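Look at the two complexes coming up: chain A is in both, with chain B in one and chain C in the other.
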Partner chain A sequence: MSIVETPLRRAVRAQRRAHRARTTTITLVLVAVTFALFVGTMMIGSYVLSPWEVIGSAFRLTDDPSVDFIVLDLRLPTAATALGSGLALGVAGLVFQRLLANPLASPDFVGISGGASLFAVSAILFTGWGAVTTSAMALLGALLASIAIYLLAWRGGITGYRFILVGIGLSQLFTALTGYVIARADLNDAREAMTWLVGSVGSAGPFELRTLLVAVAVLLPVAFVLSRRLGALELGDDAASALGVRVERSRLGLLALSVVLVALATAAAGPLSFVALIAGPIAVRLVGNAASLPAAAFVGAIIVLTADLVAQHALPVALPTGVVTGAVGAPYLIWLLATVNREGRGG
Partner chain B sequence: MTATVQRLQHVEAPTPRHRSTVGLGLGALVLLGVLAVVMFVSITIGARGVGLHTIWTAFTDYDPSSAEQTVIRELRVPRTLLGLLVGAGLGLAGALLQGVTRNPLADPGIMGINMGAAAGIVVAVMLFDGISQSTSVWVGFAGAGVATVVVYGVASFGREGATPVKLALAGAAVSASLYSVTTGVTMSDLQALNELRFWQVGSLSGRYLPVLSQTWPFLVAGIAVALLMGRSLNGLALGDDLAVALGQRVRLTRVVVFVTVALLGGAATAACGPIVFVGLVVPHIARALCGPDYRWILPYTFLLSPIILLCADVLGRVLVSPSELQVGVVLGVVGAPAFILLVRRKDLAQL
Partner chain C sequence: MTDRTSDRLQDDRTHDLRAEDLTLGYADTDVVSHLDVQVPPGQVTVIVGANACGKSTLLRGLARLLKPRTGTVLLDGTSVHDQRPTDVARVVGLLPQTPVAPDGITVADLVGRGRYPHQGWFRRWSAEDDAAVAQALEATGTAELADRQITALSGGQRQRVWVAMALAQDTDLLLLDEPTTYLDINHQVELLDLLTDLNREHGKTIAMVLHDLNLAFRYADHIIAMKHGAIVTQGRPADVIDADVVEDVFGLACQVVPDPVSGTPLVVPRSRHHVRALTSEAESPAAV
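Let's look at the complex of A and B:
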């Protein structure tokens, strides 16, 4: 039986095409905005540069030593950290939210950032071996925390419900221990640790930055490829295995991927609160669920870049980036909580 | 045939374990004794050992020149009383919340109420220079009240009301935002940061006597109201419809409970900083001991919570003597496994 071209089929196809075109357009707009902000944060400062100077210098097109110094040595590391951590947090947050089937289950709240914080703060206060150790420890902490949560929530499988609650319990434990470590320390070290805890994109060293950017370049495409499986997993475990997805393995892979992204972003910029939480729902609202991962990455980057601009230039005193994301995140969060719960998706 | 009868007798549903009033009363007396012992230990153990005799003379025949007696009067006894009141307050706040929300994971710490009080106090201290301790208690109440309303209100949107996950997530989220506000505010002031980092982990140390004298009226009042709520909570446990049919004013009960919780959470936080897990775990222990009747759960919680808080405090003093581990840290370490066990239990107590 040949396929008949009915008006309905045509309408459905036209609809799909329109949707895809819209998704592509919006994602491209997000990319453009991200790029504009990335260039923009490097233009502003005590010495204002033109966009062409910034682009020319950042991409090694021109050769002007004074501009190169300002752009490459002073402003590019911060901007690149903001970009990288934003992309990583946006993707990781959305993967968590979709895997755990709860729009509020971002890695900030379920103990991953808490584990990273505890280990990084301990490294700052006890080893004094510098930034490399701090990032390595943040990575280790996030990995250990997520393994602990995964194992403790395991009972013949993982449910989002248990994972979230176990994560919240552990994150309280990490908070208590972090507080203890800070209370024990010498005052100046404690200040350094607390600054780190708020999160700032200006503090990343070259090593963490390079690790983060490499990881983002490698893992983001992997995440985009895996997002089909994510869609299948969202149908429920039974439906997903009926579709030929190996449920536990896919879930573990996706979780591991986002944990690594969160850990590296945390290592570079500290636990920037709310970015992972906010980026996902905004992206889903813009482009719908199916194609939301790339959009979430760029929304995350836009949030961190904007927060950095505001924190550095718009306020009377320069503040750590995390204060701005926290302050903007809180009201949005309340609104988000209210809407998702009204729609019955809160858990 | 006989075999069937015997089998039937075997599978006969176990009658719900009946706990006699006398038994429960005796149990409460035993707990009271334990509490007395723990309080005694809390007063005597420390960098400077003291005996019963010294404690007695410190109050009957005070000799200001004796260092031991001064330690007792100024430090140990106020600290122990503070632990008693704060522990009882937090435990009862948790029991009330679990009863009124009918949610086994409700707790002033998990729900962000203590963090609300903490944020209120920190912001007030930073913005208005030289705010007095007594004013900061009120700000703590305000913060706790706002956090309670926001978290519970937001979590109970939707058809199924405030489910455990929604409540815990709303609490975690609100705590996280309050935490970043608190930290952001304190970053600018080194001195405040120095004081705050001790207070923020939850500790009984510091200036006991002034703290005690400013917060005890609120804690005692809150505890008294909480202990009287047993009948109303029993009514709510039947469901709103039935409670209304039995002649209860459900809305009034809710308001009274939430105000009491904010009062207890705010005062406890103002005194000791945000302490988690006491309000969560202790009511479950009490429930396991004495069944679902809130007229017993509340007094048992009232006795058990200070026992646990003071034990944690003593443990913190003994473990790393001569310095000390803050009570909030000990409770965090001990409480997290308890919380996870609670979550993993298949039959998470239905309230």
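Let's look at the complex of A and C:
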């Protein structure tokens, strides 16, 4: 079958190719920056390493016990947690925002992270069963939170605003319950829990980290494959349905995938505030809407890696990562709230 | 392109969308009950009726967006709910009343999303997709907007872009739910002319809900007037529309005269004020 060539067709194709080339270039730059930060964060510390020492050790290319100790035992877990949680939060945040057609609809804002935190903190304080429980409880908490929001917001379908308002309400409830749980705990445990609640990529245990990395390796490609469906779903339920998308099934799948990513990132690094909220809009601004999921993943990773560098090395006192992401994210949120309503969108 | 096109031109007349004993509703209420209706192939069908009469519900039911409580919607003799969604979506397209334009999306990207049912897990973007997008942009006069952000467009332009997206879906049947709402009168006429072009030049079967009765009667080959979830009358507007029907459907006392431009029925409401003493002149449309 041949297709008749017209100037307009040529123009449409040329424009699409130019756009794709731009998207690919920007995404590759983001990948490169992520990699540079990932290596860079392992170079810096009380003993400075060269990039080659870090790469050689991290990828098991060289065999130098002292470098291996610094890289593999001390710095790689933190860097990998930052990388994994950044990738996970970036994708999960943008999936939520696009599905619910609202930049405020990120999982840390609508109580998913809150549910994960509540259950994880309870596990830390009361069970003493260790890492497996923390991850599992964070997952359980995030799932329960999202199911609760879905059911409470359901009225023959889901709309962005109701989902967000119900989510914010539940988020407050989780915060209150977390406060109650901490107040009941032993003083030392409570301090540990408070630190965890700010979010820090340095505190991940090996099990939480491994679970997160496996989930990221499996679920991110799935999310990228599903992004075509997401592109139809974000036009509204009726439009998506008319295009032949099974709306409820696809939306549940995408939400579940994001919830798992957020839960495991939270279990590993605590609730790193605002990463999921800001990564997506930055990615959309960089590459446009259609190809934004991979870009969002790497923007998320760049944010967390940078925040960790700043928190550990740029300030007089080493701080938890969440303090830095919060300090950057809060002004953005204020700006967002101010502009979203002015433009009259967001429903 | 020859084989495929001739196949499709034959297809155009044979795709048959109809509902049998169709009941649709939300929550506890039936909005449309036990309706039998057919969308005449190759024609422009317009559904009219007062608010909440079930006209949008019927359209959404025909587009497979609602699960019937009784009866079935049949596409070429098979229930649409028994067919794969993407198979149906290659034959029947729908432009909903309020589609959502995502942030940061360009016109070309949005129009390209209409290609969803033609793509698959492994068959992504093809030359055919480019061709369909180009054709949709051309038909709707939005080619020069292709690179613009949707949010930067006027209401009239935006609506044409949505129609372009529905066209890129390349379906033989196109359903539109109040496509002229929020448009200025000049853009309403422009859009309806465009849809008529698509019907006459590309052989598309069109069914839509319209609010403006006079435009509905002008552009419809086949009119369906609904009230309380049932069909009051249907047929060629000139044959089935008169003052009694309009009064029955809308509760509006009026006169129906020939439209001076198109000769189709034109509804002139009788209001409580501003009515001049009835003379033979007022009854005679020739004097308009």
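As a working rule, the second predicted complex is superposed on the first by the 339 of 347 C-alpha atoms of A that agree within 3 Å, B and C clash if a C-alpha of one lies under 4 Å from a C-alpha of the other, contacts with A are read in each partner's own complex, and residues count from 1 in each chain.
The rule is short, and it goes like this: a residue touches a chain if its C-beta (ideal position, glycine included) is under 8 Å from a C-beta of that chain, and two chains touch if they have at least 3 such contacts.
Not measured: the values here are computed from a predicted model.
In the three-chain model built by superposing on chain A, chain B fits alongside chain C with no clash.
With both structures placed on the common chain, the touch criterion links A:16 to chain C but leaves chain B unconnected.
Looking at the shared chain after the overlay, A:326 reaches chain B, while chain C stays out of its contact range.
Of the two partner chains, neither chain B nor chain C is touched by A:318.
Ranking chain B and chain C by residues of chain A touched puts B first. In the superposition on chain A, contact is made by A:231 with chain C only, not with chain B.
In the superposition on chain A, contact of A:151 is made with neither chain B nor chain C.
When the two complexes are overlaid on their common chain A, residue A:244 makes contact with chain C while staying clear of chain B. Superposition on the shared chain A places chain B and chain C such that, viewed from the Cα centre of chain A, they span 80 degrees in steps of 10. Once both complexes are placed on a shared chain A, the shortest Cα to Cα gap between chain B and chain C comes to 12 Å.
The interface of chain A with chain B overlaps its interface with chain C at residues 343.
Those residues of chain C that touch chain A in the shared complex are 1, 3-4, 26-27, 60, 63-65, 84-90, 92-106, 108-110, 112-114, 116-117, 119, 121, 125, 127-128, 130-131, 133-134, 137-138, 143, 146-147, 151, 169, 175, 177.
Note for the complex: chain A touches chain C at residues 1-4, 6, 8-9, 11-13, 15-16, 19, 98, 101, 103, 156, 225, 228, 231-232, 234-239, 241-246, 281, 284-285, 288-290, 292, 343, 345. In the complex of the two chains, the chain B residues touching chain A come out as 105, 109-110, 150, 154-160, 163-166, 168-170, 172-174, 176-178, 180-181, 183-184, 186-188, 190, 193-194, 197-198, 200-203, 276-277, 325-326, 328-329, 331-333, 335-336, 339-340, 343-344. Residue ranges of chain A in contact with chain B, taken from their complex: 102, 104-105, 108-109, 152-153, 155, 161-162, 164-166, 168-173, 175-177, 179-180, 182-183, 187, 190-191, 194-195, 197-198, 273-274, 277, 317, 319-320, 322-323, 325-327, 329-330, 333-334, 337-338, 341-344, 346-347.
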